[in-house]
């Protein structure tokens, strides 16, 4: 029968013990997006063509947030991640920015939360930088799309 | 003509100057949700009925993340927020948890980012605590629903 | 009838709303101590006479911890504290170091938690710096001794 | 002759070199308590029976503080801890909450400071959440009760 | 006779009391530079022309570091800064990048440390991003060039 | 042909992948200095003779900043450093304090940035503690002087 692993037998929160897990190479990929008015996307892209700054700041925010994951998510283990890449792609129809984060570690536990946190922070940063012109942007579809390494093996979400 | 206020005349990122803005009472409300399998929701609710821990940890994570907003979002101003409330509601059809954050401040700039960050962190925490049983949960529809205070007045999103 | 103010009507944790409270000058003083073997105290004092480093590092740790209080205590409001002083006094009979922290702020809520956190961090730092020679040191009697400012007025603990 | 290992030959503070130490499984257990009026304990327990929130928030605070230890204690080494468990037990006669933290790591140095910091933060959080009804609570008896792993072997405090 | 204000009468470190100081508009400007081989500067500029990323990441790092100043500098007061601008200028003869930071606050104490910290972090970030091609870059001449607001009035360094 | 390793093929910032690098013992030594008026140096030294506090606080600040490096420098990998030593030396002719930091790690990537960050933070702290008597102090010549371990072997700067 399934159990929520963060809760002990009495249902109290704890950071689950990964001491005995093996150190393996682990990768996680997460995706999400931020929907916006076409005019907002156009403003970003015009600036992007000139300076690229909205995307550049969002990428930095995503990378730095990945490193802060265990400070934000209470039961998350601290990990020395070895790589983060953030991919931002402007999409029309509907107007949005697609966000993908890939995180790698050589450790005892996976980096799903780091990848999901990086996507969230990149989306929030785009919101912050554009909110003066569009308050109704919506961040969504934040999900794990791939995970490899560790005892549970490879997971690939059907998209 | 509209401008992205975080970019100066040369398109470079900066933290916009709010020195001359008035200190007023400001409120922001944001919402989002995390979709999951009905079985996952049932597990949370059973634990919730007994101990309530998943929701309790997610609320703490949301409140603490609101206080960390200016560390996560590069161009965000540090603010001494005066109140945070996180509301989590289990919903069936489709199975999900609805997340709402209300943040208050008495300051020179608004707390939209704090409310959106709190919602994101609460959603990520629910994902973390339940991921052992459901990797395909999706966090979404993170949006500002209300904002009051400051020169731009009250904004209420049509829902 | 008394209520725990951090819990709302349904018993859920929240950061209590202090938006409507007045900005006043507030002071809090906390005390605690760390008990140790007389030989350990002698070692600190000998170094203190020459270089004073154990006490100096503990004072810095206490001051920096006071600034981190709202990151450590989940329901604590962030505050721009305006002063911290840490007083460390070697005591014999029994051998111990007495720790006192005084914190000041001009704000909407008090600094009791900042003073108590500063005392705790100073004590933990003394433990850390001396644990190679004495594992059985005990930190104790951490308490609020004075508080002034705000609607509830002045509190002085009978010692 | 004994030396304070955090001070070099000239008595200056430094983070001691653990580069050549072996990576081993290490565990530390610390305990402490917070004394309070019986009425305060009763209020916590009544809420606990319904929602358990004071204990739940204190547990989360203790777990998150363990992860922050090297940010708080100046000479502490950063470590990727692999497990934290916080145990809170209401005690009458005298009225108090007993706090125990167990921390595990696979690393080059021990986790005593992480366990002691977790106990302190849990105690401070209980103080914070109950201070509106009881300012005279006292946090005390924070001590290391067990330590295993590493060259110095197992330590068990006689209690 | 002059005194170091961070040391009390007994020479111990403390965070000096600014409770009674007036809230005024304060500005600080700091400058510094990073010297490098002309080939390194050329590489940055070529990338800059295309994507601008080294300068863009360094600007974000400087802005975020300004917000972290009171966490880094032990006796610094936490402040809600209201604006940060980072200016990076490539210079030849000798090959270097000039760094300027302007920080504003409405507060009880100045923002010199925030401006100096922002300059330092921007310089360190340029070093980090270019160190694979040039280990001998040197960060230097970090200095306060202007300060206004507060009781001590305006200071302008003769350059 | 040389490349800036932090930029991918499209010139976008990323945290470079070190997953496949070997764990080796790595050391980095960085140096810098802070120039000041002779009277300022005399004040520090007089206090130093009595209490040593300016140097003591600066050493603690440098050690703690080394641990914060990956939070400050966006593309830096988090690392569990195993040792930090800060050396401060008063120099006359011209009046200044020389700063040296030595950092060790057993890891997949080097600690140059940690050593450089420690030097910067120690210098900024000296500035902060003395700025009331000397606003024109200048922090400079921050540079890597030695690096060993890892595939690229030993680097020693000609001084």
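Going by the order they are written in, the chains are A, B, C, D, E and F; count residues from 1 in each one.
Criterion: contacts are C-beta pairs under 8 Å (C-beta built on N, C-alpha and C of every residue); 3 or more make two chains touch, one makes a residue touch a chain.
Keep in mind that what you see is a predicted model, and the values were worked out from it rather than measured.
A.B. asks: In terms of residue numbering, is the interface formed by chain A and chain D classified as same (over half shared) or different (under half shared)?
C.D. replies: Different, since under half the interface numbering is common to both chains.
A.B. asks: Tell me which of C-D and B-E has more C-beta pairs in contact.
C.D. replies: If we tally the contacting C-beta pairs, C-D comes out ahead.
A.B. asks: Find the geometric centre of each of chain A and chain C from their Cα atoms only, then give the gap between the two centres in Å, rounded to an integer.
C.D. replies: A distance of 37 Å separates the two centres.
A.B. asks: Taking each chain's centre as the mean of its CA atoms, how far is chain B from chain C in angstrom?
C.D. replies: Each chain's C-alpha centroid was found; their separation is 31 Å.
A.B. asks: Find every residue in chain E that makes contact with two or more other chains and list them.
C.D. replies: 12-13, 51, 53, 56-57, 60-61, 64, 68, 71, 74-75, 79-80
A.B. asks: How is the touch graph of the chains shaped: line, ring, star, complete or other?
C.D. replies: Graph shape, chains as nodes and touching pairs as edges: none of the named types, so other.
A.B. asks: Going by the touch rule stated at the top, which chains touch which?
C.D. replies: Listed in label order, the chain pairs in contact are A-B, A-D, A-E, A-F, B-C, B-D, B-E, C-D, C-E, C-F, D-F, E-F.
A.B. asks: Any idea which chain F residues touch chain C in the complex?
C.D. replies: Listed in rising order, the residues are 51-53, 56-57, 60-61, 64.
A.B. asks: How about chain C: which of its residues touch chain D in the complex?
C.D. replies: Its residues touching chain D are 2-7, 10-13, 32, 39, 43-44, 47, 50-51, 53-54, 56-57, 60-61, 64-65, 68, 71-76, 112-113, 116-117, 120-121, 123-125, 127-133, 135-144, 147, 155, 157.
A.B. asks: Would you tell me which residues of chain F are touching chain A in their complex?
C.D. replies: 8, 12-19, 21, 70-71, 74-75, 77-80, 107-108
A.B. asks: Inside the complex, what are the residues of chain F that reach chain D?
C.D. replies: It is residues 25, 55-56, 59-60, 63-64, 66-68, 79-86, 104-106 of chain F that touch chain D.
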